[in-house]
Structure formats: structure tokens, C-alpha cells
Amino acid sequence: MNSRKTINSIFKNAVRLSFIFCAGILVFLFGTIIWKGSAAISLDFLTKPTENFGAAGGIVHQITGSLLMILTTAIISFPIALGTAIYRSEYLKNPRSQNMADTLIFSLNGIPSIIFGIFGLIFFVNILGTGVSWFVGSIILAMMILPTLVLSAYQSVNSVPSIYRESALALGMTKWKVISTVLLPKGINGAITGLLIGIARAIGETAPIMFIATAFSGVQFPTTLLQPVSALPTHILSLAQQATNPAALQNAWGTSMVLVILVVLFSTSGLLVRLRFQKK
Amino acid sequence: MKIKFILFLSCTTFCLFSCTKKESITISGSTTVLPVISNAANAYKNTHTDVNIIVNAGGSGVGMNQLGEEKTSMGMISRDITNAEKEKYPKTNFKVIAIGKDAVVAVVSSEIYDAGITELTLAQLAAVYKGEIKNWKELGGPDKEILCVDKEAARGTRHVFMEIVMGDKEAEAPGADLVLGSNNEEQTSIVQSDAAIGMLSNAWLNDDVKGLNIKMNDSIFIEPSLANIVNGTYPITRNLEIVTRGEPKGQLKEFIDYVLGPEGQKFVEEAGYVKINR
Amino acid sequence: MSKLTGKIGKSYVLTSIIISAIVIVLVFIILVGNSWQAVSNLGWNLFSLRWNAPTGEFGILSMCYGTAIVTLIALLLAVPLGIMTAIFTSEMLPSKLRIPVKSLLELLAGIPSIIYGLIGIAFFAIWLQDLFQLQSGRTILTAGFLLAIMILPTIITLVDDALHNIPKQYQEASMGLGLYKYEIIKNTLLPIAKADIYGAILLAFGRALGETMAVMLVIGSIDKIPSPFFNVLSPGQTITSKLGREIAETSFGSVHFSAMIFMGLILFTLVFIITLFSQRANKKRIRLYE
């Protein structure tokens, strides 16, 4: 009896301890980013171009470059994801093909981001001869976040009770009419949630874009599709390699903080959108 | 609301592509040459607003590779073009232009330098990189294991260093403990350690990263000073070069002329290199 | 009119799913096609220990070993810690606090991997160097440790969900038997949630295998298996860090390039298989992004 009690209390304390450890990691990581980052951030930092290899000046072109890329990513992935989700939900009826579609989506989601990077390097940059281009970066990021959008859209399309579909069909509406009036709006809600969460992931990715979409210095706002941009994560990469130059390191933390703020902004608005739509 | 959102998105993209077009020059390659070209490009853009110059790092190997595959208009290299690279792009007539001179210096952590190791012979350096000498004690220093820092295989600094020290620019270094990329990254690792040896461009030396004197066969130690690089007595020197496909033309030629001119050469000296004699 | 829009609509959704399908097939074909040159030129020599580009030796074993050991370390650290923390959030935390606390922990998953790399190189590498009196803090253990933190949120969220979804009757019945919390969790809850926990671990496993940026910055990038092989305090190289550092230096169409892509193909295949298994384990649930 006593030993059972002892084991129980040891277990409880161990569980508590691991939670405290995880919470400690969380506090340490965010504390570091905020504490180190806020020292670097100023209006000039956010609005001036980079100087002296990132050790001086600001990150305005990195911010605009990252935003441009994910905006385009959103435009590319949104319609494809919506269509895929509706197809999966409304046209695939036998379990085998449903299963196949799921496997497809899950596998796409599992592909490591570096693989997307080398795929882009081979297919777009070399075979299609696009060169280093921010637009190719956007396409690759769109491929990467597609599964997130599809699943989110699929869940909300699928949440429409089948009674609606049946009664609409019974009223003589065509299948597409049902989709466009009932299911599409639902699916769009889901896809927007997925989009915001997907974008939160895409904006922080380095490996898929570092060979194919970004350049180190001298980049301004791109004027054609086939130019490189500067992006926040690749900027951190080049600064992280000079971790002993205090000025560069400080700017690396500043850039990290801006990036984390953007990520948190996108993912929390994704969650808020989801909550709002669920209430409706 | 959604329709507005989509409209907004399409408007922004449309605006992006209807913007005016500038001529742009893309450059990539050696991190050693990068500071010169990048700073020169920034200054050049102030006076030539009709041209945009994009400079990327990556190392000499990346620079040659992207130039050969016509992804860039100019490469930066801190070593000679290898035969393999020439064979890869047989149709391309690479035109090499030297813009400055630099030394590759064997460097150690300041702790080792302060403990008395200020000079080594080429043979000793080779032994360290071959893994035959593993402790600073064997070289007369403190009883600490050597952290031997190597560079990625296609880096220019490595080619030049290995050519002189090991006799083969692509020699393997079985004694290496770490393999890193850019000058910055290598410098960082040497500062973070208290028993490291590595190879760096002369311009990356500072109080925490000390350059060693090199002893040639005739027992004179040569300091990696600018003067010794200029007069050619320091053994491990190289030209900093830019490469183009064929003769440079148009805007590219104007920019190269600027780099070779008095204003551009100022950036060579500012970066800690020796300007080219013309 | 409505018939036409119906047709357009249908072909739109059909095109969408075809695009999605083409993407993954294309990735696979590109990887296979570009690694063929290395396979036909080098054959079994690919599975050797030496990687030396100038002499045309491309042995990938050191990188495979690096990937295996780094992932193993990450899982050994993160799985117990993640499961224990999930037990805390789902079983011991007041239910009001569960969602806020969990959401906060999930923020960890939102930190981009490059920032983990920056923290790794600025803090963890130096701490490890001082702690173990190492020559350099860029080691296999540093990478594994960093990776463990990165996969923790995945494990915590999924295991917490699995435990939370178990109907309350089970707990109540066990409590009625006078069992201690420890016994309830060990004998009742964990066995029920077993399949989901496996699924979570597999998902985290897949993530860990493919992580690049953080690992690349802290692992030291030396193409060697440490000696002795379990010495995790020495530098190493993973498939992803090798790809990240070297792919841009190789030229398209060379054997060198092809050998790099071959490593990518191995990684892709491994992750693909793991995804299939984890999908099977997570059959009932469709969750991706937590």
C-alpha cells in the first residue's frame, strides 16, 4: 500500500517536473527572442535598407520580400486547395479513392522542406531555366502549405450535414449549384483558417527558398517575376553565421523577433477566424 | 468581405508587375570578395539609378557554378578556375579579371597565440591538417587538443591554403574536426573556441583571431602584414577575381570599370585587401 | 447557363486535385531521375564511408548514420518528456487552464527552425562546450537536443488530445476501484491511447528526419562517423545538413549533384514510409498542423 503511494507521488512529481521543464524552455526561448530582439528594433531598423552585410541598417527589404512571397503563395495555393477539398468531399465516393487522396495529401505534408528546395532547384531553376526567382519561391511554398489548407477546407466542407445536400438535390438543384451556394462558402472559411496557419509556417521557412528565391545583398523590391528577393529567414541565416560580431548578432535577434511576431500574428488570427466561423 | 479580399490581392499583384523595369546585374560567389563588390555596388547604385545590382554569397564554387549555368552575370572567386569547372562548361569562355590581392592566413584562437604559438612552418601546418599533430603541446604550446577547422571543399580560401600547405588544392584533411563555410562562420567558431586553428582571409583577423607567421624553408618567419603581401614575401597569397562569360559588355562593363577605377579600389583597401597595381 | 457553370465548376475541382496529385508525383520523378546518374555510375560504392568530391568518391553512409543518430537522440529526449508533459496538461491541470496552457506550448512549434538554429549556435553550443569541456560545441548531441525541443510540441499536442479524448467513464470506473492516479494512467489510459501515441511519435520522427536549418548550423558538418561510433559529443553530418551546405556548389548534371539528390531520395522515401504508417495509426483523426 505504502509503496503504491510512494510510486504515485514520485510519478506525479516527475510529471510536474517535466511540465515545468517544458514551460521553462518556452519561457527561455521567447524571453531570449524578446529580450535580445527588442534591443535591436527601432523605427529605423524596420524602415531602412540593410547596410554593411546586415551589421548595420535595417531590414525593410527583407520584410517586404517575405510579405510579397507569402502573399503570392496565398494567391496560388488558396484556389487549388479549395478545389481539392471539394473534390475529395463531394466527388470521391468510394473509400479506396478517398484513401488514396488522403495518402497523397498526407505524404505531401510529410515531405521535408529541404526536399522542396532541391526539387525547386532542379525543376524550376535548372530544367525550366527560371534562375533564382522570388516567384518560384512562392510556388514552392504554395506546394508546401497546400495540405494544411486542403485539410482545413475539407473539414469545414465535410461538416455540412448531408441532409442539406440531399434536400437541395431533392429541390432540383444541380450538384454544382449545391456546391457553389452551400459548400463553397463553408469551404472558403475553412481554407482561410488553413491559409493563415499555412502562411505562418511558410514565412519562417528557410530551406525551401535559400537556393531558389533569395539573394544576399543589393535586393530592392523586385520588378519582375524572375528576380530574387531578400527574406527574413535567409537574412537570419547569414547573420547567424557571424555569431561573434555583436552588431550582426543583435540584428539577427531583431530580425528573429520581427519574424516571430509575424508568425504569431498569422497563426493566432487563423485560430480567431476558426473560432468566429464555428460560432456562426 | 471575401470577394473584397480576393480583389485586393489581385490588385496588389497587378501593381507589382506593371512597375518600371530596371536593368539588373546579378553577382554571386566568394565571401572573401563579397565585401568589396557589395559595397562598391551600393555606392555605384547611388550614382547610376538606372541599374540594380544584386550580390549573393555562397562561395567561389557557387559563383562559378551559377555563372556557368547562366543564372548570374558575374561570379566572384578567390582562387583559380579548376579544370573540372572549365570542362563542365566547354562552350563558355570565362574571362577572369583581378580586382585585388589577399593573403590566406593560418589563424589560431587568441588563447593559443598568447600562450606563445605565433609562428608555424608549412610542414607543421600540414601535419595538423593531416591529423599527425593533435595537441598544441607537440608544437610547444599548452596541453590542449587542437580544434582543427576546415572549410567546405569548393571554397576559394581552402584551395589556396591547401595548395601551398599540402601541395594539392583539393587535398583531403583527415585531421579536421569541423567543416564550415563562409569566412564569417569560420571566424565565429575560432573565437568561440580556445584551442582552434583555421584558415581565413587576411581581412578577417582581429583581437580574438590571430594570424600566424609562416616559416619558409630558410628559417625566416614571415608576418602576414599588408606590406609582405604587397611585396610578395608572404607565401599564401592570391588574387581576388571576378569572372564573366566572355568580354563584359554594357552596364556590366561599366560597373567592372568602376570597381577597377580609383573609387572602386578604395573599397578593396577598406575591406582590408591590397589594391591591384595597374 | 447553369449547366455551363456546373461544367466549369466540376473541371475546376478536378483540375485542383490533379495539380495536387501531379506535385507529389513530380517531386518523386525528379528525385529518381536525377539520382539515376549516381546510381548507375557508382552503384554500391554509394554505400561507403568516404565522401571526397575531387576523387569522385561519394559514400553516403556517414550522412545516413548522422541522420539516424541525431533523430534517435531527439526522440529519446522528446518522447518521454512530451508524454509526461501531455499527461500533466490533460490529467492534472485544472480543465479551465488546459487550453490556454496547451496553446502556449504550441507556440513553440511556431518558432521557425532558423531561429532555433540561431539560439543553438548562440547558447546551446556554448553551454555544451563548457559543460563537457569540449573543443567545440558543434556536436551531434547539440543537434539532437535542439531537434528534441523542436518536436516536443507535436508530441505534447497529439498525446494530450489522445488522452483527453478517452471517455471519462474509464477514469471514473478506475477511480471507483480505489486506484492511484499513476495506476489509472499506466493501466487504463496509456493502453487505450497507445495507437494515437504511436502515431504522434511517428509524426515527430518524420519531422525530425527532415529538419535542416537548425541542424546544419550546429552539427559541425564533418563527413565522418565519430569514433567510437556512439561518441555523440563529436561533430557529424546529417543528410539534410549536407544537402543544405553543398547542393549549391555542385553543378546540375554532374555525378556529385546526382549523389546529393540520391541522398534526398533516401530521405524522401523514409519520410514517405513513416507518413504512411502514421496515417494508419491516426486513421480516425485528420490533424496536421498542430
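As written, the chain order gives the labels A, B and C, with residue 1 at the start of each chain.
The rule is simple: contacts are C-beta pairs under 8 Å (C-beta built on N, C-alpha and C of every residue); 3 or more make two chains touch, one makes a residue touch a chain.
Just so it is clear, the structure is predicted and the values come from calculations on it, not from any experiment.
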When A-B is set beside B-C, which has more C-beta pairs in contact?
A-B
Greatest Cα-centre separation from subunit C belongs to chain B
Report the inter-chain centroid distance for subunit A and subunit C in whole angstrom, where each centroid is the mean of the CA atoms.
17
Between the Cα centroids of subunit B and subunit C the separation in whole angstrom comes to 34
Where subunit A touches two or more other chains, by residue
126, 241, 243
Using the touch rule from the top of the page, what residues of subunit B touch 2 or more other chains?
66, 69, 181, 188, 192
Going by the touch rule set out above, which residues of subunit C reach two or more other chains?
121, 248, 252
Provide the residue numbers of subunit C that touch subunit A in the complex, in ascending order.
2-3, 5-7, 9-10, 12-17, 19-21, 23-24, 26-27, 30-31, 34, 80-81, 84-85, 87-89, 92, 103-105, 107-108, 110-115, 117-119, 121-123, 149, 152, 156, 180-183, 185, 206, 209-213, 217, 240, 243-244, 247-248, 252, 260-261, 264, 267-268, 271-272, 274-276, 278-279, 286-289
Quick check: in the complex, which residue numbers of subunit B touch subunit C?
58-59, 61-62, 65-66, 68-69, 84, 88, 145-147, 150, 152-154, 170, 172, 176-181, 188-189, 192-193, 195-196
Residues of subunit B touching subunit A in the complex
2, 9-10, 12-13, 16-17, 19-22, 24, 26, 28, 34-35, 38, 41-42, 45, 52-57, 66, 69-71, 181-182, 184-185, 187-188, 191-192, 208
For the complex, which residues does subunit C have touching subunit B?
52-54, 121, 125-126, 129, 135-138, 220-223, 234-235, 245-246, 248-252, 254
Would you tell me which residues of subunit A are touching subunit B in their complex?
51, 53, 68, 71-72, 74-75, 125-126, 131-132, 188, 192, 215-225, 227-228, 238, 241-245, 248
